[in-house]
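Written out below as structure tokens is the structure these notes cover.
As written, the chain order gives the labels A, B, C, D and E, with residue 1 at the start of each chain.
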Amino acid sequence: MSLLEVSRLEAFYGASQALFGVDLALGQGELVALMGRNGMGKTTTVRAITRMLRTTRGAIRFDGRDIAGLPSFRAARLGIGLAPEGRRCFAGLTVAENLLASARPGPWSVETATALFPRLGERMGQTAATLSGGEQQMLAIARALMTNPRLLILDEATEGLAPVVRQEIWAAIARLKQGGQSILVIDKAFSELRAVADRCVILARGQSVWTGTPADLSREIETEFLGV
Amino acid sequence: MRDLVTEHRLNIVLALVLLAGPLVAHAADEPFMVTLATRAAILALAGVGLNIALGLGGLVSFGHAAFFGLGGYAVGILASHHQNYEPLMTWPFLVNGTNQMLILWLVAVLVSGLAALVIGALSLRTSGVYFIMITLAFAQMLYFFAISWPAYGGEDGLSIYVRNAFPGINTLRPLDFFLLCYAVLMVVLVAQWRMTGARFGTALQAVRQNEGRVAALGLSPYRIRLAAFVISGMVTGLAGALYVDLNRFVSPSMMSWHLSGEIMVFIILGGVARLFGPVVGACLFVLFEHVFGSFTEHWQFFLGAALLAVVLFARGGFIGVVAGRARHD
Amino acid sequence: MTVALFLEQMLNGLQLGVMLFLMAAGLTLIFGVMGLINLAHGSLFMVGGFVCAAVAAWSGSFWLGLIASLAAAAALGALVEIVVIRRLYDRDHLDQVLATFALVLMFSEGVRFVFGSFPLYLDPPAFLSGPVTLPGGLPYPAYRLAIIIAGLAVAAGLGLLISRTRLGMQIRAGESDREMIAALGVDIRFLYTVVFALGAALAGFAGALVGAIQSVQIGMGEPVLILAFVVIVIGGIGSIRGALIAALLVGVVDTMGRLLLPMLLSNVMHASNAAGVGSALASMLIYLLMAAVLVFKPKGLFPANA
Amino acid sequence: EPVKVGMITTLSGGGASLGIDSRDGFLLAIKQSGNKDVEVIVEDDAQKPDLAVQLADKLIQSDKVDVLTGIVWSNLAMAVVPSAVAQGKFYLSTNAAPSQLAGAGCNPNYFSVSYQNDNLHEAAGEYANAAGMKKVFIMAPNYPAGKDSLSGFKRFYKGEVANEIYTQLGQTDYAAEIAEIRASGADGVFFFLPGGMGISFMKQYAGAGVEVPLIGPAFSFDQNILQAVGDAALGVKNTSTWSKDLDNEANKGFVAAYQAEYNRLPSIYAAQGYDTGNLLLSAMASASVTDADAFRKALEAADFKSVRDKFSFGPNHHPIQDIYVREVIKEGDIYTNKLVDTALTDRADAYVADCKM
Amino acid sequence: MTEPVLEIRDLSKSFGALRVTDGVNLDVRPGEIHALIGPNGAGKSSLIKLVAGEIAANSGSIRFAGQEITGFDQIARARLGLTRTFQVSSLIPEFSARGNVMFAAQARRRSVFGFLGQVARDPELVDEAMQALERVGLADRAGVRVSELSHGEKRLLEIAMALAMRPRIFLMDEPMAGLGQEGSARLVGFLDKLRSEAPILLIEHDMDAVFQLADRISVLVAGRIIARGTADEIRNHPDVRAAYLGEDEA
């Protein structure tokens, strides 16, 4: 059975519809890449899964349980951890507080998280508002890990990071996956994505239009849906 | 674009209603209704003043009663000196009181504008909640000063017994005085309307929405805000001047924080940043006060409830509900 | 003026400061932590005073009254949060000011409807009602001593709660991004209700404690409210430490101003004029202090998130 | 002849209890008389002067009342009275009577049925002499009524003023003032702190354990306030135009009827409201309100049974009356006042000479 | 060689113990794109803020267009023609796209205190705004409120506003951030042409874009410039590879 199963999901911002039927499945220990051009509904799908956006049509099942009616903190407590688009660190809190505020027990702790991002370890007492863009991005990922999620969602988690750090993060993602972590990734770095993803789901105009393994991803599909 | 047209039409209708009401009341020999409308028009003018700072400039001033009161005291003091035939000062040169509204208005506008310049120059260094509170503090300061300063009546206030004079008009007749206040209100509204679409209004609205961007474009947000605050204080001061003539009385309660709150209430009831927002709000407020005030001594409870309902559920106030969301270009 | 009197007045100033802090504590919590301007804080203060007075009169026990006032204010706070405040977090300050201004009107008339228009009786418990003798031979009201202790305890407790506990972190996180903290698994809605109720309970607590030496009447919260705002703004919004220090500063400046200004002025004018003018200036003093602080430090003395 | 009365008084907000008592006393008199010719329109001024002015305009222009009454506060009276009497209406004051309206600003159509504002303070000064106080500490809020009060006190007090202090209007903490009182070596304290200020002061004074005796005007000792102050007020002397134990028929009837009607003891505001009602009724009995001169004469005669033994008007239409000293006592569960002395006999006021009418 | 437009000498800035800018020397010459790259937290954004006048330097000097501007505030610098685009779009949300650009044009004229003439009917401002919008390809969206524009459109509008300022230099902080591959490619093309109008100081983590556009690249690490050169020189610079590019960046 899949850990996450989204079917025929529709979503609205006010009166305007953003999702017109998204299907997506992610098995335990799997890494799925959610792909598509700008504005096709990737973030919106994530917002629906994390219940930050109310949806009325379509189903979202997590670990067999229908979560479409839950408030977002309940969905998170079931084990969904999010590193959101645009970082959204808690500006007034220090790095340490950002990590601790929403932490839940499990293998990830301040020690393990700062081992992954040593730079954060050096900045523990600094408020998030004064971190550099990339440091904030690291903090957002570490913060999601500290909730010890069963499913980790990374929405543009490498945006604004230096190439070295990006490589480190991709390496970390690969290690996490090896350790059995289920992950949903959105990123515009297709070559890296392809290297780690078990499966890809492509969205176009709010619909899932293609699902398959990275190996099956043909040039034609890429040009048609990803604009590469 | 359609919304804009609706709002323009609505504004014209509102202006006509506010004019027609007292004319009808006058014909029906109900002078008090005329007085009530005058009160509404003057309070509306105070609201229009605040709306320039608050609606267009996003400056939530919780101390506009200070300018209302200063405008009022300027009139009260000059008029009382005139009535008592005592010069205001004799050194270094002689200054006499006067009962000419045009002069009194000018003085009221200058005094409140000057005060707004000083208060604004200091307050605008802060922002957000700090700005709300520091404007409140300045108003409280003036309020306590007025209460305890004995020369002009302190807390007892100052009566001027007869209304001041305006050339060609018998201000003692309720309808005449109403028409005068109405005319002032309309002139200020037209001026505000022009200003909103002009370069200053554009800059002011831009500052409200994104101060950092305006600075990055090489314009000083501080100066734009300060200018708006001064204009705003002047208009509210002019309203205070008229208010004193309406009541023939000025007292520190014109500067109390309750009044600052009420001026804000007009704006919210009618619609923030809407040209006629304060006009509608002030009319509703005055009506409410008088209709409910004679029903029950607990009328303030219902006033609170109504206000709460508007804030929570009717965002955009009356004009927002009738004419839809505001648009800017 | 003797040195002893001067010292005693300093003490009075500090004590007024602690009392101001006690009155401002709940407001600091809500204002600083949740980013909400709550003009109705004064009303909750009043409710605390009235409930304590009513229950103390009915049961004969001040302590029962105190507990009841805490409970009533907390419950009312929770109710207000759920019905009204919840809709205001993502609004601008203007809406918050006006909605809570509306609540002030409703509470004042509501309390009058329930308790009548007349001031209520509330006295400190008997064993705290007289003076005690401080070291140095100064008689000092026992109850005020108790208020000082309560105020400092509240300051310490709040300071720890906000800066040291996870609850505090979560609340502050919620202030900067409610949606995000919820998406990380924190029930921020409930947390905010709790915080608001806590702030309300502190207001009620202060109303009950202070009500025993002041007058329990409609409108008792208004002067308090404005002073509490002054205190918080001088201290820097969101800083418990700042609020405490600002409260002490305001207490001392106000007390000493009332004492010294008339005295100074009597050197240059007739005594009874000096008393009047001095007092007029004294009443403006704390507002001047606030204006001066904000002109030089626009975010208060101890800006949070500096 | 029917008479229309417009009553503007404070029924909402912090000062409501005074207005409610004034209204209830006044209406009780009308009700007792059974006179159907009196129509009373009551309006709430919420203690705001500008609202009071509007209400006066409404009552005069729209309801066309003949007589106005009811204002509690001097600042509201100053806003309303001059223009109302200028428009030919009668104004009967149930409470506020600022010095301006007693002196140069007096008006034939304006009658104070209460006192002149200074009276109670003057009586307190006289009482301080009688009680042998040599050095009195005096204190009032910093606003016109407060200043009048201290000068009223000093007008009659002959001893030394230990210190003269103006507190802030609405002040709630008096620790600093109490410390000064203790340090001043005074043998008496005179304070005028109306409403909640007085409650706070007396509670804190008792808590501080200062033993110097207090005197004040009745405003801080009315029935409603005493219940809130409790033991802290016991034994304090205060000056008043009226006391519930004044031994005359009118007063006994009034106190009993008021308690029966409203289920609480009357206050000085209720008593003055009641007298005002009866004054109006007495004038109506002998003249028509449409004949202003005759009606004014009838009012001047003050031909009614006042609850204050003696009552007559001086040439400035302010009362000439005795001013008493009361002491706060506890009767069963109720804190109330007991008459102990008369401070001033047949007192008019200090401004009568300035009144030209 | 032509005189540099912007010249930074020995600039230093500390936050407490942290030296974010440590004796930086850098210049931007007419017509060039000078890229600034470096690890996260190296101090790139801080350097832009120092140049734009948003924060003040501790020491060192900045010359711009032949003038010493170290002591100038942000507003004065903007008036001299120093225009920056924001990493997160910073627009006036309730104005239309055209309104935003018109306001920029108004700001260039430093004209604030006009109370009567209606901006919407001011042909000069309207024309200028429409030209700028056309150049970035937003002309058909001119009347749309900014809050209703998509992310990519906002990024373009950001540049249109900068155009309307007719600056003497552009300071751009990660203009590609958030754009997809297509959008980035289009923006690269646009910037390529823009350099002839005014030079660009460009911060970017998108190495494809940097290597394609930059005439010179400066590498900032821990507040210090550790290398400077052409794309090829930097690509193969061992220190830069270690500190920033990593091993498999081509």
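By our rule, contacts are C-beta pairs under 8 Å (C-beta built on N, C-alpha and C of every residue); 3 or more make two chains touch, one makes a residue touch a chain.
Given the structure is predicted, the values throughout are model-derived calculations rather than measurements.
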Target chain D, source chain A, minimum contact steps: 2
Both-way neighbours, i.e. chains that touch chain E and touch chain D: B
Which of C-D and A-C has more C-beta pairs touching across its chains: C-D
Mean-CA-position distance for chain D and chain B (Å): 36
Distance from the mean Cα position of chain C to that of chain B, given in whole angstrom: 32
Computed distance of Cα centres, chain E from chain B, in Å: 44
Intercentroid distance (Cα basis), chain E paired with chain C, Å: 48
In chain D, residues with contacts to at least two other chains: 12-13, 16, 142, 147, 166, 168-169
Every chain pair in contact, whichever chains are involved: A-C, A-E, B-C, B-D, B-E, C-D
Chain C-touching residues of chain A, taken from the complex the two chains share: 50-52, 71-73, 75-77, 81-82, 84, 88, 90-93, 97-98, 100-102, 104, 127, 129, 143-144, 147
Residue ranges of chain B in contact with chain C within the complex: 54, 60, 62, 122-123, 125-130, 132-134, 136-138, 140-141, 144-145, 147-150, 257, 261, 264-265, 268, 272, 298, 300-301, 303-305, 307-308, 311-312, 315
Residues of chain C touching chain D in the complex: 2, 4-5, 8-9, 12-13, 15-16, 19, 108-109, 112, 117-124, 129-131, 139-144, 210, 212-220, 222-224, 255, 258-259, 262, 271-272, 275-276, 278-280, 282-283
Touching residues on chain C, where the partner in the complex is chain B: 31, 37, 84, 87, 92-95, 97-99, 101-106, 108-110, 112-113, 226, 229-230, 233, 237, 276, 279-280, 283-284, 287-288, 290-291, 294-295, 298-300
Touch list for chain A against partner chain E, complex: 37-39, 119, 130-135, 137-138, 156, 159-167, 188, 226-228
